[in-house]
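Quick heads-up: structures coming right below.
The same chain A turns up in both complexes below, where it pairs with chain B and then with chain C.
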Partner chain A sequence: MKNEKSPRSRAVRIFFSDPWSVAATAVLLLLVLACFVLPFFLKYSYLDTDFTIKLQGPSAEHPLGTDLLGRDMVARLAYGGRFTLGITALATVIAAVIGGVLGLLSGYWGGRLDFYVMRVVDALSSIPSLFLAIVMECALGWGQGNFVYGLAIAAIAPFAKIVRAAALDVAGNEYIEASRALGASGLQVMRRHVLHNVLPVFIIQIVNCLADTLIICTILGYMQVGINPPTPEWGNLFHLGKDYIRSIPRLTFLPVAAIVLTTVSLNIVGNGLRDSLSTTGGDR
Partner chain B sequence: MENDVLLSVSGLRISFRSPSGTVRAVNGVSYEVRRGEVMGIVGESGSGKSVSAYALMGLLPRTARIESGSVRFEGRELLGLPEREMENLRGSEIGMIFQDPMSSLDPVFRIGDILSEVIRSHEPRVKKKEAWARGVEMLRSMGIRDAENAARSYQSSLSGGMRQRVMIAASLLLRPKLLIADEPTTALDVTIQDQIIRLLREEKEKSGMSILFITHNFGIVADICDRVTVMYGGHVMESGTVNDIFYQPAHPYTRALLRAVPRVDSSRREPLKTIEGQPVDATNLPAGCVFSTRCVHCGGLCRREQPPVRTVGHEHTASCWLLTEGGAENG
Partner chain C sequence: MLGYFVKRVLLIIPTVIVVTLVIFLLMASLTGTDTFRMVTYADDAGTGNSVLSQFFVYIWHVLTKFDFGVDPSTRRPITNELLRHYGFTMRMTGAALLLTLLIGVPAGIFAAVRRGSAGDRAVSAVTMVISAVPSFCIAFGFVMFFAVKLRWLNVLMMDKTDYIMPMGTIVLSVVASITRITRTAMCEVLDKQYVTAMRSLGLRNRSVVYRHALKNALVPIVSVISSIVGYLICGCIVVDRFFSLPGLGMYLANAIRSRTTNTVLAAAIFISFTMCCVGVLADAVYLIVNPAMRENVSWRSGRLARGKEGRA
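Up next is the complex of A and B:
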């Protein structure tokens, strides 16, 4: 009885004892702050054009210079990140909720429900997510961000599969049977015991999904399918910058650096979470 | 006398679907548990002893099918009861403890949370704090020192014996009339086994509950049980008081089992007696007596027809062709 540490606090301790995880978390936090808080303090909007200062290098007024329409690159990048990260997060949340519920029901309830849900999920996962996003954008109206649904739907399948596998694993434990024997209903057991024990896997999958979705989101932006100019997005900033890659590499380098930094950090955090959460619950 | 019966199982038949055919796990099993008594169900692995208990809790896996039979608890038929009513019964009227205390407590909740959940799922109006306090109180009465601390800890910091105590606390929280103990000491050290058995006996004396004690350990049977039902191949072989079973075993299977119990006081260094052959294959049961394939007394009739249940003494029954009604063995 000496160890009163909860599985949660143990996982947090293990996570933050890894310098890589700490660094990646810090980078992500800074990026989120830069994208969602910084814009409130900026002098320029991402739409303020000024042809007299187009394609300028860094200066006190414009720390990262201006683009071909004389727009402030700091504002462009920050607002761009706001769209990229926001869309990525939105799609992930939608997928996590739907996929999580499907996976939980499928894995714990099993039987016929499991069979049908999994066949639908199989069908979904056979469609490439990029393709699904483009189709959604075409079908529901161009340029209105409808590709988000495509991103979300494409991400449901991995969520459902991973959560189902974890729920199946948890459901086989004796403590599930024991809580049934103590009078908990099937729903109670699922909500409390299965859900809490599936949580580590679920959290890791959220982080992985963010990384995957971010890439697809920026690819779409680059292909001019996702968020379209003049609204900035890291992918379309990359697209606009690539014409000047020889003369002004900064315009290409900055959005690409943002994309790479975010995905790499997300992957490092995902790894760190896997290492720290996998020890949760186990006592052997 | 009839009113004394708390639980009566009669003619219970359960089968499982499996890739290798239908597994006939329980084949017409009947037994009774009276108020305040400890009924032992003894049998080797695969004898259907646990399956029958899971059936009366309504916790059979999906692949199981109850073919026929009846389970009456305080006169009320449990088979076919709506799930909602079974949920109300489980934990409050009938408690259950399991074989492996190492894995029967959820690792991500504190002990106190698990205990509170039991109370609050049956009595939703009880406040969290009150439920917690009742849990702590229960832990204390299970002989756990520093119960407050134990309630705040997770299962990973408790020993196996402690976890089984916690599990017993959880299943006795609402003072059930019947406790089903499915090999509760199999996974524990001998010294801890003894403590757990003593705890169960004390609790039984205190509250007057009945215990259905499933085990394969005859030593424990002698320790705690009032009456014993011996099962093999999904059939009841013999049933009687502890004294009947230990001093006048009527069925060849019971006698063989008792011979196979290692004894501390055996004078010569003789090898442990075992029962020849393999346990019966539940997908392919013999036409006659299920024990006929291993029985040293087996005759032609035994292979052809299933023996009827014979009364061999007061409250003592056995099903074997070698027995005559009301008397001793004649073979």
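Up next is the complex of A and C:
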């Protein structure tokens, strides 16, 4: 085995030595490209309706046909993915930042702050995430910007808990005490030691959270909470397409395929990350 | 030990109050603290005051009279309506939990005993794909297969057997995670030296797996029960919506349609309370299956530190 410089490069090597992880990463990259770059090159917008060509089959003009209002399915799917993936990613980032900071602070400093933060986190996690997302949607009003915040708030609690547990784990170590005794400030210890040890579980949780939030996002889209037509969203597209399942199953199966492909890839990447990061975490 | 549970039960109330407070504050932050009006009670009790005093009036009504106010869209008391839907969802959840455990745990054991074989890989692949499919797609698949193609079941839920579809949806959407956890737990236990020792002593495979290994593998399984119940409740919500069942999903759909927030708040309080109770019950079961934890438990201890002790 060649000499590895850092645990990080070792984790990267282990991750990319698994063909499934590589394939899943590639699929995710392709999906992201298709959803965020493809729309710039499309002839039609997701809003261009044309009733003369409604519910058409695939053609040169519309490679995946049109939906019930004559809208191009390629555009609907790509823009739908842009909304679904964008909202999911944004909600995850917000939840990761808030939950991560809360968990880090309460795990490292503990005391009264820990007590109050954990009561709120307990309260939030006492409601199942889909339910919480709906409740937050309701509490925050019913707009698209708020939709992201609703999903984000629903995802904060696991982040805070996991990061807190990891930080508590580190904070009890003697080398932390040693570096404090040598005069390192709280922030320095936090950056050099705590953050370093929290990072693996944090990264894994981000991927898990992406998968969970994506499912919740599509369920809410399907239930028409938060995202309303004509805005395309994969769950929403399913909802619109399922009435035509007998005649045009394509309208239903394409969004489902997109959702399943993304989530399966995310799960595989999550498993790969867990394997690669846990082996590096173990011997440090 | 008794003290610990008394403390946990007492802690349910502040947790529920914090849930209510968080939702109140979020709603108030959006509408502005001066203009925020939680129109809840018919006699306008508490409206027109500050956010906090409205909150206290609400909590006081809930805690002392079990009164969640009036639905502004129908002018009917929320409590009765909510209790009906809640009861339905809880019955569904209970039955689904039983089914999930009856399917998921054996499937996990099946995979763990044959680790690395084709059967194991098949179980892993199936659980991974199932957990990636949103539950409304599973429900749709059930309807297309059983009601449209085979014409065995009715989507209008005329018969008891028709509940196979919603039940199957809920169970399928959750069973993957319990299977995976059982498999991991079982694999870990089967790697232990005492299992090897038992095998070398000549115990039959069945008694090693079911009598000795399973008992220890139950510990991590029990510790995820409450999150499983959470997923099941979410599954119920989707299924209610899909099959128009009179559960909490229907209740929420009505609330969303009429944009009444206090009905959603009441449902959130119910669910939060339920999940807290489930958490306490799960802890009790956890202590039954994991006697090693019992001595650490006292009035002073907070939540059970699962994870590590569970795995050790």
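What we mean here is this: the second predicted complex is superposed on the first by the 272 of 284 C-alpha atoms of A that agree within 3 Å, B and C clash if a C-alpha of one lies under 4 Å from a C-alpha of the other, contacts with A are read in each partner's own complex, and residues count from 1 in each chain.
Following the convention adopted for this analysis, a residue touches a chain if its C-beta (ideal position, glycine included) is under 8 Å from a C-beta of that chain, and two chains touch if they have at least 3 such contacts.
Please read these numbers as outputs of a predicted model, since none were measured by experiment.
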Legend entry - Greater residue coverage of chain A in the superposed arrangement, chain B or chain C: C
Inset, instruction - Using the superposition described at the top, list the residues of chain A that contact chain B and also contact chain C. - result: none
Inset, instruction - Sort out for me which residues of chain A touch chain C in the complex. - result: 119-120, 122-124, 126-132, 134-136, 138-142, 146, 153, 165, 211, 215, 218-219, 222-223, 225, 235, 238, 242, 245, 252, 256, 259-260, 263-264, 267-268
Inset, instruction - Mind listing the chain B positions that touch chain A in their complex? - result: 57, 59, 62, 83-84, 87-92, 95-96, 98-100, 103-110, 114, 117-118, 121-122, 146, 149-150, 152-158, 167, 170-171
Legend entry - Residues on chain C engaged by chain A in the complex (per definition of touch): 14-16, 18-19, 22-23, 26-27, 30, 128-129, 131-137, 140, 144, 230-231, 233-234, 237-238, 241, 252-253, 255-256, 259, 261, 264-265, 267-268, 271-272, 275-276, 279, 307
Legend entry - Contact set on chain A toward chain B in their complex: 1-8, 110-111, 173-175, 177-186, 188, 192-193, 196-197, 199, 280-283
